[in-house]
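The next part holds the structures, each set out as C-alpha cells.
Here come two complexes built around subunit A, the first alongside subunit B, the second alongside subunit C.
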Partner chain A sequence: MGEQHVVWLYAVTRRLDVARFPATTGVAREPVRIVEAADLMAVVGSVGAGEFGEDALRRNLEDLAWLEATARAHDAVVDIVNHFGPTVPLRLATVYHDDDSVRASLVAHRGEFDTALRRVTGRTEWGVKGYADPDSIANHSVEEQVGDVGEGTAYLLRRRARLSALQAAESEAAAKAHRIHEALSRIAVVAKRQPVPHAELLHKRAKIVLNGTYLVDNERADEFADTVRTLDDQHPGIELDLTGPWPPYSFAGVDQMSP
Partner chain B sequence: MSQLPERINTDHENVERGLASLVLTIIELLRQLMERQALRRIERGDLADEQVERMGRTFMALEQRMNELCDQFGLTAEDLDIDLGPLGPLLGNDFDGSG
Partner chain C sequence: MTEIEPASSRSPAPVSDRRVALVDLLDRVLAGGVVIVGDVRLSVADVDLVHISLRTLITSVSALDPLTDERDRP
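== the complex of A and B ==
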C-alpha cells in the first residue's frame, strides 16, 4: 500500500488549454493535474500526507530550508498557470483531503473566484521598491560653521548637525516615496503599499522607503515601466527597482479561503 | 551511534569576539542615548558653556575609544547592530564610525 495523500492547491483559473499545458511537477515533484468544477479549473497535485498533512505542515513551515524550496516550487507552478490566462494564485499550503473537497470548495467560493478572476483579467501585477541611497543621506551632514568654541563644544555641534540632517533626509525620502507611489497609483488599477522587509534593509545598508505592488492594465504596462524610469530620474537619492510581471498575489484576494 | 561531546569546543577567540560585540553594542546604544539627551539639554540652554565643553570632550573621547575597541576586535558598525525585526535595526544608520 502507498502512503496517504492529500491534495495541494496551486491556483484557480478559468480555462486552461490542457493540451498545451506542459508536464509540470509541484512541491513534492508530483505531476500537477487539474480538477474542474463550477466552470473553474483548480491546478492541484497529490502530495504525501507524511510531509504535507496538517501536523507535518505545521512542523515543516517552521523549517526555513523546507519553506524556501516549497515556496519556490509552488511559485513556479503558479507562474506557468499564469502564462495561460487570468489566474488566482493560492496561498502556500492550501491543502484539501481529496479531489471532492476541492470541487466542493470551488462551488462554495465560486462568487469570490469569479470576482477575483475578473479583477485580474488583462492585468498584471508589478512590484516597485524604492531604496534611499544611504550615501546621499550621510552626505547631508553639512559642515556647520561653529565659530570660536572649544573642541568639545564643536564636536557636539557637529553631532547635532549630523543628527538633524539625517532626520531631514529621512523625512524627505519618505515624502518622495509618497509622491512616487501616488504617481504610480494613477496608472495602476489597484495599488498597495506593503510593509518594508527589515532583514533586507540591514543586508543592503540601504533604507527601503517604498515597497509597492501595482495591478496594471496590460495595455498600460509600457507606460507604467516608462513612468518608473522617469520617476527614478526625477528623484535623485531614491533608487527605484521594478520587478515583475508577477502572478497577482497581492490582488486576487481569496487567500483567506479555508478548506 | 552519535554521542554528545564531553565538552563543547569553544574557540577561545570566537567567544571573546562575540562577547566584545555584545558589550560594545550596549555601550554604543547608551552612548547614543546619552548624546541625544545632552543635545536636548543644550537646546534647552540649561547648561553652562564650560559644562557643554566638558560633555563634548567626554563624548569625543568615548567615540574614539569605541572605534579603537572595534578595530581591536575586528568589528564593524554592522556587527554591532541588532535586527529587531518589525522594530528595525537597534542602532540604525546613525552610527558609522565617522560621525
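== the complex of A and C ==
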C-alpha cells in the first residue's frame, strides 16, 4: 500500500438508495462511499493523510485556493446526498482514522443524528441577504437642511447634517432588516440571523444589513420566494438576495451535538 | 461498508443548478454543519480561528469569486 489514508465525512443520512446514487467524487477526487452503523449511513471518502491529515489540514485550511476547492467539493457531495433524502451535513474537515471510528461515532451520536434528520425532513434551507446603501439615502436630505449661512458654517452644518442623516438612514435600514426578518421568520420553521460578513468580501459598496438563513417546509418554498420578492419591492433602499436551496447546514444541530 | 457504484446507465446526477458564492458557502461549511470531533483533532475552535483569520484575508476572496460581484437577480 502506498500513502496512508484518512476518512473524510461529508454527511449523514438514512436509507440512501445506493442503486440510484450516481458515481460521485469528493474533496480528493476519491470515489465517495457509504459506512453504515446504528441505522445511519455516513457518506465518506478515503483521502490521503498527506493532504488531509491533521498537520496538513491545519496548513491547507489557511490556503484560500485550497479551501475554496475543498469547500466546493464537500458541498457538491452534500448537495447530491441531500437530493436523495433527509441529510445532515458535517462541518468541513471532519476526519477519522478509519471506518471503524466512523461507525463508533455514528453509534455514539445516533440520538442526535436522529433528531437532526427529523428536523430537516421535508424542509429546505434558504438564505436571504439584505443590502442597504445608507450613504446614497443620506445624501438626498442634506442640502435642504443647510440654510443661508457663511461658507465655514455651511460646511460644518452640511457635515453635521450628512452625519446625522447617515445615522438616521442606518438605523432606518436596520429597522427595515428587522421587519423583513420577522416576516420571513413567520413562514420559516426555524430562522436565524447570522453574523454579517464584511462588506469588502462582496465587492459591493452596499452595506449588508441582513444575513438571514431559514429552514422552510418544502410546501411553502414558493410562498417563501414570493415573500422575498414582495418584501424587496416594499422596502426601497434595501436589496434582497435569495440564495438556495441549501443543504440544511445551518439547522443540522451544530449547537446541540456534543463532542 | 457499501461502495457506491455508478447507476446502471450513466444517469446524470440530480444536482441542482445553484450557483454558489464563495462567501455564502464558507459561511455554511465552516460555521454550519454538524460538529463532531473526529480522530483528527482539529477542534471547532481551530476551524473558527481559521474562519476569523480568513476574514482578514478576505479581500482576495471576491477576486476569486466573480459570482459575488455580478450576482444575477431574477
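In this section, the second predicted complex is superposed on the first by the 237 of 259 C-alpha atoms of A that agree within 3 Å, B and C clash if a C-alpha of one lies under 4 Å from a C-alpha of the other, contacts with A are read in each partner's own complex, and residues count from 1 in each chain.
Following the convention adopted for this analysis, a residue touches a chain if its C-beta (ideal position, glycine included) is under 8 Å from a C-beta of that chain, and two chains touch if they have at least 3 such contacts.
This one's a predicted model, so the numbers in the text were calculated from it and none came from an experiment.
**Student:** In the superposed arrangement, which partner chain does A:174 touch: subunit B (first), subunit C (second), both, or neither?
**Tutor:** A:174 contacts neither subunit B nor subunit C.
**Student:** Look at the residues of subunit A and decide whether subunit B or subunit C touches more of them.
**Tutor:** If we count touched residues of subunit A for both partners, the winner is C.
**Student:** According to the stated criteria, A:243 is in contact with first (subunit B), second (subunit C), both, or neither; which is it?
**Tutor:** In the superposed model, A:243 contacts subunit C only, not subunit B.
**Student:** Under the stated touch criterion, which partner chain does A:162 make contact with: subunit B (first), subunit C (second), both, or neither?
**Tutor:** first
**Student:** Touch test for A:69: subunit B only (first), subunit C only (second), both, or neither?
**Tutor:** Touch partners of A:69: none, neither subunit B nor subunit C.
**Student:** Which parts of subunit A are touched by subunit B and by subunit C alike?
**Tutor:** Common to the two interfaces on subunit A: residues 198, 201-202.
**Student:** Would you mind writing out the residues of subunit B in touch with subunit A in their complex?
**Tutor:** 35-36, 38-39, 42-43, 49, 52-60, 78, 81, 83, 85-86, 88-89, 93-94, 96, 98-99
**Student:** Per the contact definition, I'd like the list of subunit C residues that touch subunit A in the complex.
**Tutor:** 1-8, 10-16, 18, 20-42, 44, 46-47, 50, 53-55, 57-62, 64-65, 68-69, 71, 73
**Student:** Applying the document's contact rule, which stretches of subunit A touch subunit B when the two form their complex?
**Tutor:** 134, 137-138, 141, 149-156, 158-160, 162-163, 166, 195, 198-199, 201-202, 205, 207
**Student:** So in the complex, the part of subunit A that touches subunit C is made up of which residues?
**Tutor:** 6, 9, 12, 18-24, 31-36, 52-54, 57-58, 61-62, 64-65, 67-68, 71-72, 74-76, 79-80, 83, 88-97, 99, 101, 105, 109, 112-113, 116, 127, 129, 194, 197-198, 200-204, 211, 239, 241, 243-246, 249-250, 252-254, 257, 259
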